[in-house]
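Contents: one structure, followed by commentary.
The first chain written gets the first letter, and so on, giving A, B and C; residue counts start at 1 in each chain.
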Amino acid sequence: MSAFNNTITMEQGAYNEAEIARLHSLMNARALRKKRIRKTVLVAVNIIFALFMLFPLLYSVSVAVMPGDELFTMDMNLLPQNPTVDNFVRAFTQVPLVRFILNSFLVAGCITLGQIITCSLAAFAFSFLDFKGKNLLFMLVMATMMVPGEAVIISNYLTVSSLGILDTYIVLILPSLTSAMGIFLFRQFYMTFPISLYESAKLDGCGNLRFIVKILIPLTKSAIGAMAVYTFINAWNMYMWPLLVTGSEEMRTVQIGISMLNSVDAQSITLMMAGVVAIIIPSMVIFIVGQKQLISGMFSGAVKG
Amino acid sequence: MSELLLKNVCKMYDKKQYAVRDFSLKIEDGEFVIFVGPSGCGKSTTLRMIAGLEEITSGELWIDQQLSNYVEPKDRDLSMVFQNYALYPQMTIYDNMAFSLQIRKVPKDEIDKRVHWAASILGIEHLLKQRPGALSGGQKQRVAIGSAIMRKPKAFLMDEPLSNLDAKLRAQMRVELSELHKRLGTTMIYVTHDQTEAMTLGTKIVVMKDGFIKQADTPKEIYENPADLFVAGFIGSPSMNFMEGTVRKTDKGAEFVLVSGQKLELPADKANILLAEYADKKVIIGIRPEHFSTVPQTADPDADYSRRKLSGTIITREMLGAESMFYLREKSAGEYAARLSVETPGKGGETMSLYVDMDEAHFFDPATERNIFYGGRQ
Amino acid sequence: MKALSEKLKGGSSYCYLIPCFLIFAVFLFYPFVKTIYLSLFLTDKLGQAKVFVGARNYIELLTSSSFYNSLIVTLVFVVIVVVGSMLLGLIGAVLCSKAFPGIRAFSTSYALPMAIASSGAAMIFKIILNPTIGILNKLTGLDINWIADPKYALICVAVLTAWLNSGINFLYFSAGLGNIDESIYERASVDGASGIQKFFRLTLPGLSPIMFYTLVVNIIQAFQSFGQIKILTAGGPGESTNVIVYSIYRDAFFNYRFGSAAAQSVVLFLIIMALTLVMFKIEKKGVKY
């Protein structure tokens, strides 16, 4: 009949009790082994794939702690023989990495906070209030998602240079203070609340701003968390805009500052990797810490619809 | 020809919690078996073990004389209907029904024939081009059943298939399922928590609680001869009335005395056994609501009907159409229900005295909860 | 009286939109219009529109082989990036769809590339791909100058970008897999389907709605890649990695041809808009729910 690899079929009654018991334990062992093999294979494949995906990162860490002379050989040098933190020390002393990191934190922090405020205000209006042209305005917001930042970056550069705010924090922060995606995400979230939530708050004499601060924000913590992680990482990793609008060393963000290491001199590759690792760490830590928040916030309603 | 045999099947989670214990049952070809019990009693787990979706911790599962504990679900040749229908959302209804045959590489025209055959039985031919999302609950249910019967499997497994339907549809589908079973003659194993479904559909009912089989028998036997307090209370709506009392010897035979002092004469055949083992001991009497009446039953010519009466205060009454359900309170035994003719006078607050059909009364041991007369002792 | 207060109430609604629309107006709507305007002019070194030339910038673009090269490079780049990043994300998501010990660590590593900056990643790849000391040549035993060879440079930046973009795809696909009802797999097992049949008949179709969304996002994102190209290849060697966005940057900030760069920006916008609209059209026809 249906005799497949791990299956033993037998005619009922053709065997005695002891034989059934023996077969039983035999098959049990086989099934258990098959299950174990499946699990082992799954874990093994995962380990291989994870190594593959993480290889650039792992390798960068390895190079970052490698003495310079170890890198410059024709031999296989996946791992450093004599790990050293010297590269980090030199990276931090040769370029103002600390300053860059602080700049980036300031810029990314302000952008994150600003986006949360502007986006939640706009999303509140789009989901709870009624006004003329609401749908049209919302469509307009959604349409901005289609405009690639690079397509308007020249005009923006010309605008800010004519305003004379080049090379300031303001110019780094201002253009990113709102995002269509944030408005969309918050609105998706707010739409899951019944309008009666707003109406009953109104009846209790709760003003709009109070409603947002006291009711809406506490209820949408997960969306705010997701938004914060996502925005912060993107702001931290911004490249083209800071490249164009910052000139002086003091204003550089990490992504631009790190390319300075790139051009110091050819011998300092290990130094450069130390710098890269140092600036990747903050965004990575924020991502790992906020990952759960990010996933639950981004996918609990936003994607399904 | 297909026959299922479960021998001492157990399911344990986390090496300590039994979900199913010592489940032994023989299911003959063509039977309509119902697993019924409260939620968490292990009925669904048992069904899923038969399907191969859960591992059997210990015990044996024989399908058609084949020891099948470790056979992959796909090789068991069973088909299953899930509670949430489990239709493939991206496929049309036609493909949903054809799926199990398509993957078996059955020729296209044969599949086509069978889809139309199954669809016509269930009256869903007009839906074949639609997708599950566009269907109502009742239609999805039909599609799920249609997909199951496509393959002419050894047995159909159904896991609470009607529980997501509204009451009217449920009644209608019940009739259809019953007809379907008669028509196909295939073994069906059906899980439900609804005792009405169990009573109307099954040729054999398996009442489960806490992982154990409490009783497995025909609906009639289960209703008329419940094995214990749980089965007696679970099967039947409204439930059987239970009252505690003592068995006492009288000059004529024996009587059942409630705590409040009301007495009910015991029929002669039962009196002997009860006196032998339970004289002056606590016993629980179980009386179904339909075994109360305003006129004495005349099956037993020797009975003294005046001594088979129970009085209580009417709490309320409910109209059920041809009959009325009276809810009464006895001083010590608490509330009980009686099904009487709709013309019966009486309203809330009044005292009412009713004849009890003592031949139909059940007696339970308060300690073991077993039916004292279960298993041919009467 | 009542009408007036109604009006006022409606008016106050707009207050909540002011902050975001102010930003949009200054940094999106205005520059968008200005870009179109600039694309019709010759500009000076400071980007001031000097001479109205009508469609000349566009005509020049459409007749320049460099622009066509840039279009083709962009297209090849986008295809490799989108296919690669979606494949990587899908593999990760499928590998993490069943629980096993350590799943949290693995899923974090598959999502991690989304936290990496393009500049940092490009610098890492620069070392990995280095012809003499690079680990890639050492591991594979090849002797290829990856970045300096026009044959490989585009593939290198594309693979790097695919890796960077795969993290978010992993999250999308994981969410998509989580949305597939577990019981349809059980029914398929009982129906007789094998693991492979289940994957192709249930899992992939089950992912199709999220697949579409992910595809759109990925294409738009791939078109906008810049940092990694600037650092890794700077559009070279020759013009083999000169994607449109890099070409815009080069024309505007090296050649000071703002008008031509603006015209390219408009073309870039039109391409993305057209692609988005076409895909939404297809989706309306294709995926039925």
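The criterion applied here is as follows: contacts are C-beta pairs under 8 Å (C-beta built on N, C-alpha and C of every residue); 3 or more make two chains touch, one makes a residue touch a chain.
What you see is a predicted model, and the numbers here were worked out from it, not measured in a lab.
> Quick check: more C-beta contact pairs at A-B or at B-C?
Looking at contacts between chains, B-C has the larger number.
> Quick check for you: compute each chain's CA centroid and the global CA centroid, then name the chain with the smallest gap between them.
A
> So how far apart, in whole Å, are chain A and chain C when each is placed at the average of its C-alpha atoms?
It comes to 15 Å between the two C-alpha centres.
> Once you find the CA centre of chain A and the CA centre of chain B, what distance in Å lies between them?
54
> For chain B versus chain C, what separation do you get between their C-alpha means, in angstrom?
60
> Taking each residue of chain B in turn, which ones touch at least two of the other chains?
72, 75-76
> Quick one: in the complex, what on chain A touches chain B?
1-2, 4, 6-13, 20, 23-24, 27-28, 30-31
> Residues of chain B touching chain A in their complex?
5, 55, 60, 62, 64-72, 75-77
> Report the residues of chain B in contact with chain C in the complex, numbered from low to high.
Touch list, chain B to chain C: 51-53, 72-76, 78-80, 82-84, 86-91, 99-100, 103-104, 131, 133, 147, 151, 157.
> Report the residues of chain A in contact with chain C in the complex, numbered from low to high.
39, 42-43, 45-46, 49-50, 53-54, 56-57, 59-60, 63, 71-74, 76-78, 117-119, 121-122, 124-125, 129-132, 137, 140-141, 144-159, 161, 174-175, 177-178, 183, 208, 233, 236-237, 239-240, 243-244, 254-256, 258-259, 262, 269, 272-273, 276, 279-280, 283-284, 286-288, 291, 294-295, 298-299, 303-304
> Can you check the complex and tell me which residues of chain C touch chain B?
Listed in rising order, the residues are 181, 183-184, 186-194, 197, 201-202, 205-206, 208, 288-289.
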